[in-house]
Amino acid sequence: MHIGIIGLGKMGANMRDRLRNQGITVTGYDRNPEVTDVTSTAELVEALPAPRLVWVMVPSGSITDAVIQDLSERLETGDLVIDGGNSRFTEDFKHAALLQDKGINYIDVGVSGGVWGVQNGYGLMAGGNVDQIERAMPVFDALRPEGPRDESFVHAGEIGAGHYAKMVHNGIEYALMQAYAEGYEMLAKRDDLIKDVTGTFKSWQRGTVVRSWLLELLVKALEEDPELASIEGFVEDSGEGRWTIEEALANAVPVPAMSAAIFARFVSREEDSPAMKAVAALRNQFGGHAVKKAD
Amino acid sequence: MHIGIIGLGKMGANMRDRLRNQGITVTGYDRNPEVTDVTSTAELVEALPAPRLVWVMVPSGSITDAVIQDLSERLETGDLVIDGGNSRFTEDFKHAALLQDKGINYIDVGVSGGVWGVQNGYGLMAGGNVDQIERAMPVFDALRPEGPRDESFVHAGEIGAGHYAKMVHNGIEYALMQAYAEGYEMLAKRDDLIKDVTGTFKSWQRGTVVRSWLLELLVKALEEDPELASIEGFVEDSGEGRWTIEEALANAVPVPAMSAAIFARFVSREEDSPAMKAVAALRNQFGGHAVKKAD
Amino acid sequence: MHIGIIGLGKMGANMRDRLRNQGITVTGYDRNPEVTDVTSTAELVEALPAPRLVWVMVPSGSITDAVIQDLSERLETGDLVIDGGNSRFTEDFKHAALLQDKGINYIDVGVSGGVWGVQNGYGLMAGGNVDQIERAMPVFDALRPEGPRDESFVHAGEIGAGHYAKMVHNGIEYALMQAYAEGYEMLAKRDDLIKDVTGTFKSWQRGTVVRSWLLELLVKALEEDPELASIEGFVEDSGEGRWTIEEALANAVPVPAMSAAIFARFVSREEDSPAMKAVAALRNQFGGHAVKKAD
Amino acid sequence: MHIGIIGLGKMGANMRDRLRNQGITVTGYDRNPEVTDVTSTAELVEALPAPRLVWVMVPSGSITDAVIQDLSERLETGDLVIDGGNSRFTEDFKHAALLQDKGINYIDVGVSGGVWGVQNGYGLMAGGNVDQIERAMPVFDALRPEGPRDESFVHAGEIGAGHYAKMVHNGIEYALMQAYAEGYEMLAKRDDLIKDVTGTFKSWQRGTVVRSWLLELLVKALEEDPELASIEGFVEDSGEGRWTIEEALANAVPVPAMSAAIFARFVSREEDSPAMKAVAALRNQFGGHAVKKAD
C-alpha cells in the first residue's frame, strides 16, 4: 500500500510516522520544506501509483478547500481523496460533489487521538461509500490501535457522517473536560480539607465510575505541576465546539453541558467581562452597591 | 400609628424617612449613634405604645437572631415583631416559635425596591397570620408605592411565605440582570455594526417586549458611562441567590438561568480560574496545544 | 405621507391600522384577498407616489428574499424599501446590495411590541443611511408610542444594525421569560407555603426591582388561569433565538442564560428525551439502578 | 483480618463477597434475615475480635445516624468504625465526635464502582487519621482493583475528606453522563446521516480522547437496545448531586456542567413543566402565539 498525505503538521507528520511503522509506504507533501517528501502536489501525484489514494490533513476551511480544488485538477478518474482533517461535515458535501464531477472518489474521516495517536493509534470515524472505505481499510487498520476493529473504527454513514461523528465527539470532549475541571476546582478550593488533590484524581484511575483517559492525562498534568501554578486559566477553542452547538441548535437538541464548556472558555479569554460590568452597574444603580473601580 | 425600627442602615434609614413622610411616627434604633433615635432597644421598647409594633431591618443570620432573641426578652404578650430584612425563610419558623413562647406575634416581610424605595415606595411580600398582617397594614400602605394595594403588596401565605417570595424575587432578579448583561455584551462586542449601544437600550424603554425598570437603570448607567469603562466586571452576590438555588434543588426545580447568573458572578470574582487551568492543562496533554504561561 | 406595506399578517395588518390611525396613508398588499388593498405588487407600486416608500413585513428567509427580488424589478431609482420583518441581519447586506444595483434605497428595522403594538405603539431599531432613515421618520413616529422619540426609536448603525439589535432584543426576551418562568415554578411547587402565586407576581408590579411589562403579562395570564391548567408546557421557538446564540458563538460572547432559555424550549417539545434515556441506561449499567420501562 | 459489615444491600453484599474472595473474614449484619450472618448488631460486635473494625454500609442520613449511635453504645475504646456509605461529608464531623467521646475511632471512605466493583474492585477515597487508615489498609487492598495502590486508593485528608472527594467524584460523574447523553442525542437525531450510532460510540473505545469506562457502559447499553426503546428518559438523582451543587455554592465554585446535568434530570421527571407553561402563556400574551392546550 502506498498513500500520499498532504499536510504534515503535528497530526499529519505523526500519522505518516505511524503508517510507515506499520508498513505502509507514505509520500508526504507540506509547504514546509523541512518536513515534506516532495516539492509539490504535482510531484506527489506523480509519485503515487494509480489508482491513487491521497489523505488530506490540513486546517479546515479555505486551506482544505484549496487543496481539494487542486486535487480535483490533478487527480484522475478512480483516485480516492480522504479528508482526515477537522472539516465541518457540511463541507464534505461540497468537496465530494466537486471531485465526483471528475470521477474522483471521496470519503471523510474524523480522527481522534491527539499527539498520543502516533504511539497509541487513532480512533477513526468514516463517512462515504462502502467500496471506497473498504479500499482504504489497510490505512485505517494501520492508523488505529491494536484490538478489535470496531472498537476504534466505524463506518458511520454516507459522505459527511465521519466528520459529523467527529464533531459530536469533540462536543463531548469539551463537556468531559469541563466536568473534570469543575471537580478540580471543587477539590482545590477546599485545600483545608483535601490535602492531596493530585492523589485524589489518581485514585480514580481504577475501579471508579469516572475513570477515563482524560482523567489519566489530568493526573499526569497534576503530577508535573500539582497546583497548575505555571498555567493560566486561558483556554482557546478550535471552532469545532461552536459547530457542535450550531448543529445542536439546528436539530433542536438541548446541549447545556457542551455549551457550558464553550462559554467557560469564552469567559476565560476575556480580560474583563462586559456582561459583568453591566451587572455591577445595575446593582449599583438599584441598590447602591459599591462597584470595583477599573484602574 | 407609632412603630419602632431596629436597624437604620441604607434600607432601614430610608424606610424610616418614607414612613415619616407618610405620617407614621417612627422611633429607630441602631448601634450607630449618628443615626439612632434612642440609645438602646430597652429605650426603644419603652418609647413605643403597647401593644407594640417593631420592624427588624438588620443583616440576616446571626445579627437577626440576636435581635429577635433580645426582643423576645423585652417585648410583651400581644406585641408584634416584623422581620423585614433578608432572612432565609427557614429562619422565620425558628423566630416565630421563639417569640410565640412569650405570646409575641411575628410576621415576615420581603421588601424590594433598593435605594429608590424611599421615593418610589417598596414592593412588599408578607407571611403570617392574617390578623397580624391587617394590624400592620397602615405601615405597609405607607411603605408601598401609590396605586392599587395588590400591585405592590401580597399576603403570600403563612409564616415564611414573605421571605420565600422575596427569595424567589431575588433569583428572578439575578437572571433578569444576566439577560440584559448578555445582551449588552452582544451589542458592545459588535461596535463595528452597532454605533449606539446606549441608544439601543434606551429605545427599548417604550413599546418593546423587554421594557422594564432594570432596563431603565441600565440606560441610566450607560448614559453616565457609555462603555462602563470606570467599572470592573466584578460582581458580589449577597447569599440570597445561593439560597434560591438551594431551594430549587430541594424542590427539584430546574433553574438554569438563575444558576447561570450566579455562576457568572462567581467567575467574575476569580483572579484566575482553577477550572480553566485544568482545561488548559488537559488540552496541552492530549493535543500539545500551547498554554498561556502564568507569570 | 403615503406608504406601501407588503405583508398583512398579524403584525403587518396591525401596523397598517396604527399608521392610518396616526394619519398616514397606507396601501397594503397581501396574497390573502380578504386583507389586501390591491391585487398585486405591481398595483401597489402603481398606487404609491414616487419616490416610493415600501415597508416589507413578511416572514424572513425565502419569502422576504422573493419580495425584495420582486421589488428590485418593479421599483425605481430613489425609492426606499424598509424591511421591518424579522430577517437575520446578515440578509440585510444581500438585500441592500441587490436594491442598490438599481439605485433603490434600503433600510432595516427591527420592530418589537407584539399584538399590543397596535394600541401601545412599537419599539423600533433602525439600520442604514441617515438620510433614508430621516425620510421614513414620519412613519416611525406614527408607529412608536407617545413619549420622547429616543425611548422607542434608535438609529443603531449602518445596514444590518436594526435587525442585529432586534435579534439581541429577542435573545434578552427569551432569557427574561425564562427568569420569570423559573420563579413561577419555584412558587408553584411550594403551594404548601405560597398560598397566592398570582398575587405574589401581581405584588411585584410596583416598587420592586423585577417589575416589567412581561411581569404584567404573566399576571394577566395567571389571572385568567391561576394554575395555567389549560396550557401545555410546550414552547415553540421562532428561530431568532437560535440566531442569537449563533452570533454569540461567532463573537465569543458567553450567553448561558439565553442558551438555557432556548434549550428549555427544545426539551419542552420532546415527547421523550433521547439524552435522558442515555443517562438512565448508564445508571442502570453501572449501578443497577432501575429504569422506567417505556410502554 | 476479621471485619464486620453493617448493611448488606446491593453494595454491602457485593463488598462482603469481594472481601471474602480476597481472604478477609467478614461477619455481616442486615435487617434482612435472608442476607445477614448474625441476628443483631450486638451479636455482630460479639463475633468480632477486639479491637474491632466495623464497616458501615447503610443509606446516608437518619439510618446511618442510627447505626453510628448504636455502635457508639456497643463498641469499646480502640475499636474502629468506617463509614463507607454515601454520607454527606458534613455528617462525618458529627459522627466522629460522637464516637470519639467513647474512645472509638472513625474514618470515612467514599466508595466508587457500582455493581461492577465486586469483580473489578472499587475505587476508595479515605479521610481520617493516618494510623486508623493504615490499620484498615488490608481491607482497602482487598476491596480495590489490582494495580498500584495509588491508582485506586487515596488518603485524601482528615475526617470528611473521603466523603467530600466522593461527592465531587459524583458531581463529575453526573456531568460526564450528561456529556455522553448530549452526544447521543446529537447522533440519534441525525439518523438520516449517522447510520450506526452504536458503532460510532463503540469506535471511540480505543485511541480517542473521549474513551472511558462510562463510554464502554453506554456501548453495552446500546448493544442491548440500540435505540434505547425500552427505557424512558426518566432519571432519578440520589441527592448527592444536589450536595455537590450546594457545596459549590458555598465555596463560590462555578459548576455549570454539573448543574446542567442535575437540572436535566429534574426536567426528565416532570410530567409537564410549570416553567414552560409560564413561557407558553407569556408568548401567547404578547405575541398571540398559539398555545398547546392541555387535555
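Order of writing sets the labels: A, B, C and D. Residues in every chain begin at 1.
Here, a contact is a pair of C-beta atoms (placed from the backbone, for glycine too) under 8 Å apart; a residue touches a chain by one contact, two chains touch by 3 or more.
In this text the structure is predicted, and so the values were computed from the model without any measurement.
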Identity of the chain that, by mean CA position, is farthest from chain A: B
Pair joined by the larger number of C-beta contacts - B-D, C-D: C-D
Averaged-CA centre spacing for the pair chain C and chain B, given as whole angstrom: 32
Centroid distance [mean C-alpha coordinates] between chain D and chain B, Å: 37
Chain centre separation in whole Å, for chain D relative to chain C (CA means): 46
Residues within chain A bordering two or more other chains: 114, 178, 180, 182, 185, 189, 209, 214, 252-256, 260, 263-264, 267, 273, 275, 286
Residues on chain A engaged by chain B in the complex (per definition of touch): 10, 114-116, 177-178, 180-182, 184-185, 188-189, 214, 217-218, 220-222, 225, 228-236, 256, 264-265, 267-268, 270, 272-289, 291-294
Chain A to chain D touching residues, read off their complex: 89, 112-114, 117, 120-125, 144-145, 147, 150-158, 160-161, 164-165, 168-169, 171-173, 175-176, 178-180, 182-183, 185-187, 189-190, 193-196, 199-200, 202-215, 244, 247-248, 251-258, 260-261, 263-264
In the complex with chain C, residue positions of chain A that touch it: 209, 242, 245-246, 249-250, 252-256, 259-260, 262-264, 266-267, 269, 273, 275, 286
